[in-house]
Amino acid sequence: MRSFTEYLWFNTKSKVEFINITSQIEELVEKSKVKEGLCLVNAMHITSSVFINDEEEGLKEDFKRWLEELVPSGKRYKHNLSGEDNAPAHLKRTIMGREVVIAITGGKLDFGPWEQVFYGEFDGQRPKRVLVKIIGE
Amino acid sequence: MRSFTEYLWFNTKSKVEFINITSQIEELVEKSKVKEGLCLVNAMHITSSVFINDEEEGLKEDFKRWLEELVPSGKRYKHNLSGEDNAPAHLKRTIMGREVVIAITGGKLDFGPWEQVFYGEFDGQRPKRVLVKIIGE
Amino acid sequence: MRSFTEYLWFNTKSKVEFINITSQIEELVEKSKVKEGLCLVNAMHITSSVFINDEEEGLKEDFKRWLEELVPSGKRYKHNLSGEDNAPAHLKRTIMGREVVIAITGGKLDFGPWEQVFYGEFDGQRPKRVLVKIIGE
């Protein structure tokens, strides 16, 4: 069994930002030399997310507005009494998910026609990491 | 290490539909000959979902109504300005999840008493795929 | 390839409760002797959850209040016509997620600075299980 580990760093300009990381993950799969296996990609911070959806600008705006409706920033949160101001980011990341597990088949990400991997930042403007772990043969 | 890959096709009669695929996954686990390992089952389209919950008709209705409340079809979505009409399906699938990872123990899906795997379609009436990837020994 | 399987039992005092299980998972990773691999942790019941977030009391309260807003207990649910009273628990667990997949690197959970694993119970006061499956080398 082969295994491969890499960490990606992100430091977004905005508090909330979605970054398409598909090509970075594809390069790591190639580097890993795994032909058949699984690729885990997860946020290592609890106010950010890794998810799979569509590369379309309007949809990204829809996601941001929708998350703000489900988790209004203006509400009072008990977590913020601890000196933090990022309670909504914890809840938004929960909706979007911490991780994805992607099949590797024939040395490639085994994706449908529109699947793209995104890093979702909800409390950015500081350095944060994503873990890529690949196992297989 | 053994690995096994299969694609399941679905073409639902309704736009929104939940299909119990547990027995199909069980057959694939048997076919894979993996006794100890992991089974990834994921939607390959970004407007559908794979999730684990209960085989109970009332609950399926509750899920559909609840998702419609969290993501109202009648609202304006920017994604739909791109010529699409399926923005709500992208959001609903995010709530339900893209994938499940299931343990295989003693050659079987290692499930609790009520766990059942479902394909969740939110923009159906056209052919779409689910990926099953099994690795282990 | 090594594989390792263990079941954890929980019987919460309250209907809704979040239990930090990080140290239990760490012990199992050590016991598994896997140095590089993947660790799946999933609820085996469909009204409970395993998720990764922050060990902070205020945030736990925020999660509980927020889930109650997204899935009000007082509403009518069709599932509850079947003799059950736990429809909201099924929906809340969907938001929080069934499972996490965690990388194992150098024999340890490969976690960011604040990541902690929680068992999330939404229909407790009875014995329920969590599955830990580890594969790797």
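Each chain carries a letter (A, B and C) given by its place in the written order, and its residues are counted from 1.
Just so we're on the same page, contacts are C-beta pairs under 8 Å (C-beta built on N, C-alpha and C of every residue); 3 or more make two chains touch, one makes a residue touch a chain.
Just so it is clear, the model here is predicted, and its values are computed rather than measured.
Asker: Rounded to a multiple of 5, how large is the rotation, in degrees, that superposes the C-alpha trace of chain A on chain B?
Answerer: Rotation angle, to the nearest 5: 120 degrees.
Asker: Looking only at residue numbers at the chain B/chain C interface, is the share used by both copies over half or under half? Answer same or different.
Answerer: The interface is built from different residue numbers on each side, given that under half of them are used by both copies.
Asker: I'd like to verify one number: the distance from the centre of chain B to the centre of chain C, where each centre is the average of its C-alpha atoms, in whole angstrom.
Answerer: A distance of 20 Å separates the two centres.
Asker: Tell me, which residues of chain A touch at least two other chains?
Answerer: 1, 38, 70, 95, 97, 101, 135
Asker: If we count contacts the way the header does, which residues on chain C are in touch with chain A in the complex?
Answerer: Touching chain A: residues 1, 36-38, 51-54, 56-59, 61-63, 66, 70, 95-97, 100-103, 105, 110-115, 135-137 of chain C.
Asker: Tell me, which parts of chain C touch chain B in their complex?
Answerer: Result: residues 1, 3, 5, 38, 40, 42-46, 70-71, 77-82, 84, 87, 90-91, 94-95, 97-99, 101, 129, 131, 133, 135 of chain C touch chain B.
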